[in-house]
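Take a look at the structures listed below.
After this come two complexes, each holding subunit A, first together with subunit B and then together with subunit C.
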Partner chain A sequence: MKSLRLGTPFLLLLPAIVVLLATVALPLALSFYSSLTPFKLTRPETLWVFVGARNYVNAFTDPVFWAAFGRTVLLLTVALNLEMLLGLGLALLMERVTRGQRLLRTLMMFPMMFSPILVGFQFKFMFNDNVGLINNALQSLGITDAAIPWLINGTLAFIAIVTAEVWSSTPVFAILILAGLLAMPREPIEAAKVDGCTPWQSFRYVTWPFIMPFAYIAMTIRSLDVGRAYDIVKIMTDGGPARRTELIWTLVARTAYSDARMGAANAMAYASIALSIVFTVYFFRKLAAARTQIAAEW
Partner chain B sequence: MTRNESSRIWGRLAAVAHAVGLGLALLVICLPGVWIVLSSLRPTVEIMAKPPVWIPRQLTLEAYTSMFGAVGQGGVPVWDYFRNSLIISVTSTVIAIAIGMAGGYAFARFRFRGKSAFFLGLMLSRTVPGISLSLPLFIIYARLGIIDTHFALIITYVALNVPFTIWLIDGFFRQVPRDLAEAAQIDGCTRWQAFWQVEFPLAGPGIASAAIFAFMTSWNEFALASQLTRSVNSKTLPVGLLDYTSEFTIDWRGMCALAVVMIAPAFALTFVIQKRLVAGLTFGAVKG
Partner chain C sequence: MATVELERLVKRYGPIEAVRAIDLTIADGEFVALVGPSGCGKSTTLRMIAGLEEISSGAVRIGGEVVNDLPPRSRNISMVFQSYALYPHMSVRENLGFSLKVAKRPQAEIDRRVAEASDILHLNELLDRRPSQLSGGQRQRVAMGRAIVRKPEVFLFDEPLSNLDAKLRTQMRTEIKLLHARVPSTVVYVTHDQVEAMTLADRIVIMRDGLIEQVGTPDEVFRRPATRFVGAFIGSPTMNIVDADIVDGRIVFPNGDWLPVPDRFVGARLGNRCGLGIRPDDVYPTGHGLPSAAGSQVVEREAIVSVIEPLGNETLVFASYGGHDWVARMLNPSPLEPGRPIAMSFDLAKAHLFSTDHGRAIEPTGG
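== the complex of A and B ==
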């Protein structure tokens, strides 16, 4: 009976362990090994040549790699901050709605149903310089006569990609922060009002600390999946024009499949995995800290 | 102006500002989707017109009929992609839920060594970006000869979905009080019977929403599918959508129609879980 008790959870988890070992852990081990070889898809025998850290050294001394890496970090920072701010704003607007809040919440979840590839397509269509909604609107309103080359100019394309990213992920923040606002006890705010706090002060020192954990849950969920920005960029610009919107993920895909340099691509892929893990762990720890703070104060 | 009056005016102004802000936000949220649906129903000349035509003059279902016609619009075999997407998403969801139920139950009901480390490992396996994971999978699947098969994508999506399903289902089983199953066991059920007749029905709505979540992940996945599929044998809809853009002239209307076809199941399912989730959360069987 005793051995059965020890064995049951393990048996129940066994299928999950097997699947994850076979399709995540083992492949990652292989990809780590192949990042130490000059492996090319066109020449399979190169998988057995060991070159040590040469791929990593090459990647880390390549300005193209650092440009893509820096741009990825910039995109994530700008997008996550904007999503956080807009999500907070949206949640505060929604909280004050008295009638039809459920319908509005459903509408608010609308972008979450779109797959990243669809989000990318949709904004590719809207930002198109010739038939796009945005240029058409700007021209009809007489703001500009020229067709703004949204996806052709490097900076504008970056803005377009950030817009797509923010549009698709703001609802995640809004819904979780709204859940936090609705769960918040009323008394502390009343007390702050009685004590003569301005609305800003009571928001900053009462509401804000309370909804922090909810915001960090959203951040953590979101950072688990940062790599999906690849889909959006792939369909909108494919890293172009002339690599001005190249992110680390499009660079990995290009090196691996267009240039067939699998070894080098795997080295870069490890850099991208490290990036995701750093983002996730960072927010996870922030989440834990915010939770203990709340627990201590309330 | 008395103080009373001015504060009433300020209150009214704040209400108006609130309504305007909310309206603008909802416009930004909904407009892109509405625009896609509208564009799929308009003749191409209207989409391309300069100066732009804002109010549609005629609406047709031509894009849809030609898309699902014999060869498909512009030679893109939409039916095949749709079938592949459906087979792959449904199968991988069923398997992922079965595995996730076992794993989630283990997490919710048992204490064992290395539990939190194991949970962390699950989450970390989810952080690997799809495109990075696709490289070694491509090498392995090519060696095994299962590139461009349903099987390859199904097994990959199962792995993609297992961590999150375990997380969600763990939470739903935790909400079912432990006493219920114990009471059933005292009444003579085996543990197996107690699970299926007491705990499973109670956690059912939650499990259903986890299933829908998994289905949507598989249905929407692109980074892995774009590398692990090659032909109509296994290409899914997201990969098919990209086929349209690689043509010389982009058929905006056709792409919009395909986008609507892709979003429709997700739209329907989200409405279904909303109702079931509310039902599931208000399903208190034991009080106190």
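== the complex of A and C ==
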């Protein structure tokens, strides 16, 4: 009887434990183990060959991996900063709207309602050097005669991808920062006006500290998003031309499914997850600091 | 210091007029309280002076200059908000010095003026704390400190004490009074608490429904209320006001009981109905009133005691006469029993009569 009583809590938790083991712990362990083997999908027996850290060493000494890694960090930095600035601007404008704000808010979120795959296709079309909208417009306006090779030149292709990414996800920042603006008390801003602040000073010293936590929440969400960026790039450039827009996850997917080198791909994927964790921890620290600063009660 | 003038000042929200063409002149260095029930337009008026609310029509002048189109920062004012509105992310020191920092004053001057203000308001121990680490009264003091550091032309207070508990409110009231004595300045002070207004202000402006009912010193508005509303609003406990008919020099209550028309109103145009107002100090159980001053006109009636509220030094007696429960202030309390008849003295020399048509006080003819 005694052993049964001790076991009751365990028994009650058992279904949850089983589900977690089967869906999280096991795949995680398996994928980590496979990253320590030369596992190829086409040769299943390679799963049983243990090679230690060789996949990691290979990845970390491979310039292609580091290029993809660096490009992912660059995309994160550029896209997040642009989205932050544009989202902040949109939110500040939106807060001023007195009539039809709900309708405008809904309209503003439209880009978030499309699948990234479709966004990728749409921007691939728009940036097409022959039939694309952008070149067409530039030429009709007489700004240029040449067909700008948007998706062919490495730098231009990166700009095109950033544009698509920013278009589809700026609303995340806008909506969260707007929530912050609507939630902040009005009196400190009025006090700042009376205290002699210009509009810029009230924003800089009073409004901004209040909405900073909201900006960091958006940053966290979006850094995870961009850290795993795959779909838009896959459609627009497929990491090309000649790997000039390769990101970590397009590289991982290519290694895993085109080259069937699952072991090597898993090793790179773990490196990417480490990157995401670093960003998340960073933004969470910033968020906590910003919240303490304004003595937030939430 | 500066004068503040309001001229035909109007605030409209759509079709609603929150402030309806008010005129007011506040002298240099004067402490003026705007008082009235919620929704009377007092806060809106203050916010128009501050520049936080647009002026629909009319003019606000500070120091003789029309400031309608100036932003708050150019009006040289300070404001203390009901919610204190401290900057939560700044220390007390930074809160106090903020206005000087944005004005790009030299650091040495900022330090000196912050030190001055914190001396006056006893904030020295708290300078490095954040607002969230302060009590309500301390936050209130920081808010006032922030206002005086600026050395503005005009101080604006928007119900600054209403978030404090009763004891602290009394204490802060005294501090504000001392502060005004130490830092001479023009003050516009909004409150719904008539006691605050009476104790602090040089002059009181009583507002209702966007209009000014009366402007006067605390003594004037108490002794000579211009309207029935002012009579009822100022003074605690509230003035007894009873509607009655005027018949043959008598004030006749609905149940037939009556009091004579006070001597000083004999010959006045009373019409045939009016509101009789007598303060609780001027009606008392016979023998328990204030020592009667010269020129009193005491009439005695039998009234039935309904409720007794002992307050220690005095007792409030509610006694029914003429179909109305009169509040009376009884000094030198003696035991009374509800339901028993007692002799009540009505000092009619201090009575007020209000028109039942428009609520204005009827001018006495003499006395």
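A few points about this structure:
Basically, the second predicted complex is superposed on the first by the 270 of 298 C-alpha atoms of A that agree within 3 Å, B and C clash if a C-alpha of one lies under 4 Å from a C-alpha of the other, contacts with A are read in each partner's own complex, and residues count from 1 in each chain.
Operating definition for what follows: contacts are C-beta pairs under 8 Å (C-beta built on N, C-alpha and C of every residue); 3 or more make two chains touch, one makes a residue touch a chain.
The structure presented is a predicted model; accordingly, all values stated were derived computationally and were not measured.
With subunit A as the common reference, the superposed partners subunit B and subunit C fit together side by side. Across the overlaid pair of complexes, the angle with its corner at the CA centre of subunit A and arms to subunit B and subunit C is 80°, in steps of 10. In the superposition on chain A, contact of A:Tyr230 is made with subunit B only, not with subunit C. Applying the stated contact rule after C-alpha superposition, one finds that A:Ala260 touches neither subunit B nor subunit C.
Contacts of A:Pro185 after superposition on the shared chain: subunit C is touched, whereas subunit B is not. Contacts of A:Ile277 after superposition on the shared chain: subunit B is touched, whereas subunit C is not. Shared-chain residue A:Gln293: touches subunit C; no touch with subunit B. In the superposition on chain A, contact of A:Ile148 is made with neither subunit B nor subunit C. Look at A:Leu138: by the touch rule set out above, it reaches neither subunit B nor subunit C.
Contact with neither subunit B nor subunit C is seen for A:Val73 once the two complexes are overlaid on the shared chain. In the superposed model, more residues of subunit A are touched by B than by the other of subunit B and subunit C.
Measuring only between alpha carbons, the smallest separation of subunit B from subunit C in this overlay is 7 Å.
If you check the complex, the residues on subunit A that touch subunit B are 6, 8-10, 12-13, 15-16, 19-20, 22-28, 30-31, 34, 89-90, 93-94, 96-97, 104, 106-118, 121-126, 130-131, 133, 136, 139-140, 167, 171, 223-228, 230-231, 234-235, 249, 252-253, 256-257, 262, 265-266, 269-270, 272-273, 276-277, 280. Those residues of subunit A that touch subunit C in the complex are listed here as 185, 187-188, 190-198, 201, 205-206, 209, 293-295. Subunit B contributes residues 18, 21-22, 25-26, 28-30, 32-33, 35-36, 39, 47-48, 51-52, 54, 98-100, 102-103, 105-107, 110, 112, 118, 122-140, 155-156, 158-159, 162-163, 166, 216, 219-223, 226-227, 238, 241-242, 245, 252, 255-256, 259, 262-263, 266-267, 270-271, 274 to its touches with subunit A in the complex.
Listing the residues of subunit C that touch subunit A in their complex gives 50-52, 71-73, 77-79, 81, 83-89, 98-99, 102-103, 130-132, 146, 150, 156.
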